[in-house]
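Next come the structures, one after another.
Both complexes below contain chain A, partnered by chain B and then by chain C.
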Partner chain A sequence: MSKYAITLHNRIEELRRLEEFVNEFVLEKRLPDCNLFELNLVLEEIFTNIVFYAFKDGEAHDILITIEQQDSALCIRVEDDGMPFDPTLREPPPDIDKPLEERDIGGLGIHLVRNLMQEVSYRREGDRNILTLIRKL
Partner chain B sequence: MEITERKQNGINIMGIQGRLDTSSAPELEARLNALLDLHEKDYILDCREMEYISSSGLRVFLSLLKRTAQMNGKLVLFGLSQSIAEIFTIAGFEKYFILKDDEAGALDYFQ
Partner chain C sequence: MELKISTENDIRYVEVSGRLDAVISAGLQDKLMDLVQAGHKKMLVCMDQVEYISSSGLRAFLAVAKKVGHDGFIRFCCMQPGVKEVFTISGFNSIFGIYDTKEEGLAG
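Up next is the complex of A and B:
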């Protein structure tokens, strides 16, 4: 099987299941360890962003994550039915050259994602947000 | 995540074990805030057994650094894994934080 998928609820407690899912994928694909850390990080940032910002109705929602290995790249797709929400636009890149006193505490999540993945793209399809990430192996 | 704590020469030496992620970061932040509120200003964080960090954990570190700086205190980290050191670099943190290889090096910084 080349495609791995998991459906998570929009609750932070689901991070544990996300971690298990990534661990299993990296193990089965026999990917080097650095992928484990970085995939965990990227998916945590994307998932928590969605949980914190995509839903305002207080209802339970599903977040669908698939990872597929295509030749020498990993293609990750994250899908939710929250309000239109482009995480690539939400946070301006933090100014990492600022002196400490002026450095903002936030804005790091998407900055890390952009730096760890070769491609990050967002589109809205009907009532769904679809984020696609590509990481070269 | 597990946190261990001890005090030596007035310095709070805290070990962080396991994953510092969105689920566990609030626990570390609460513990640090409790110490900061008691005007504890010097810290060494033992990161040898820290396996993972995400932006939530980085935020706790940055916020601790800012507060210790305001109190003219010091914060030194040691034992970062290579993966975590790379995340520090991407975040632009390596120029804010004092990073040492081991505890002796971290303690020396307070001399």
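Up next is the complex of A and C:
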């Protein structure tokens, strides 16, 4: 099977299950360790962003993550039914050249995602956010 | 996540181990803030046993560094390559002293 999927609830504790899912995928596909780090990082950043900011109703929601290996690339898809949020529009990137006192605490996660992935694209389908990421191997 | 804290000259040498992800980093920040509150504002953080960090870990360190201000410093040593890359992409290598060895980190 080339497609791996997991459904997570919008609770931060689910990060453990996400980590196990990524570890299993990387092991199964025999990918190098650097992919393990990067995949964990990118998915954590996107997942935590959704958990912290996408829902205001206090209800339980599902976040669907799939990873698929296509030839020499990994295609990652993250889907949620939270408020519309397009991370590709977040401008400008964090003030990475500013001194410590002026550094802002936010925006770093998305900055990391955009730097580690070759492609990040967003679309809204009905009431769902669909984020697609490509990582070349 | 575990912290082992010792004193070298007047610098707190903090050995961190574990994953610095969104669940764990809050605890790290609290413990480092406790040190700062207790007046220990010079810190060398050994990252040798940290195999993973996300933006949550970076935010924790940044918050502690802001608290320390100009009265002290927070430096890092012995970073694993993946963790170092995250620091570099985020521009944290230009605001923090990052050293290869403990000795260099203590010397500053």
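Definition applied: the second predicted complex is superposed on the first by the 134 of 137 C-alpha atoms of A that agree within 3 Å, B and C clash if a C-alpha of one lies under 4 Å from a C-alpha of the other, contacts with A are read in each partner's own complex, and residues count from 1 in each chain.
Keep this in mind: a residue touches a chain if its C-beta (ideal position, glycine included) is under 8 Å from a C-beta of that chain, and two chains touch if they have at least 3 such contacts.
The model shown is predicted, which means the values in this text are computed figures rather than measured ones.
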| item | value |
| --- | --- |
| Superposed partners chain B and chain C on chain A - clash or fit | clash |
| Partner chain in contact with A:Glu125 - chain B first, chain C second, else both or neither | neither |
| First (chain B), second (chain C), both or neither touched by A:Glu44 | both |
| Partner chain in contact with A:Asp71 - chain B first, chain C second, else both or neither | neither |
| Which of chain B and chain C A:Leu112 touches, first, second, both or neither | both |
| Touched partner set for A:Asp57, first chain B, second chain C, both or neither | neither |
| Where chain A meets both chain C and chain B, residue numbers | 12-13, 15-16, 19, 34, 37-38, 40-41, 44-45, 48, 94, 96-97, 100-101, 103, 105, 108-109, 111-112, 115-116 |
| Complex contacts: residues of chain B adjacent to chain A | 19, 21-23, 52-56, 58-59, 62-63, 65-66, 69, 83, 87, 90-92, 96 |
| Residues on chain A engaged by chain C in the complex (per definition of touch) | 12-13, 15-16, 19, 33-34, 37-38, 40-41, 44-45, 48, 94-97, 99-101, 103, 105, 108-109, 111-112, 115-116 |
| Touch list for chain C against partner chain A, complex | 19, 21-23, 51-52, 54-56, 58-59, 62-63, 65-66, 69, 82, 86, 89-91, 94-96 |
| Chain A residues touching chain B - in the complex, by the definition given at the top | 12-13, 15-16, 19, 34, 37-38, 40-41, 44-45, 48, 94, 96-97, 100-101, 103, 105-106, 108-109, 111-112, 115-116 |
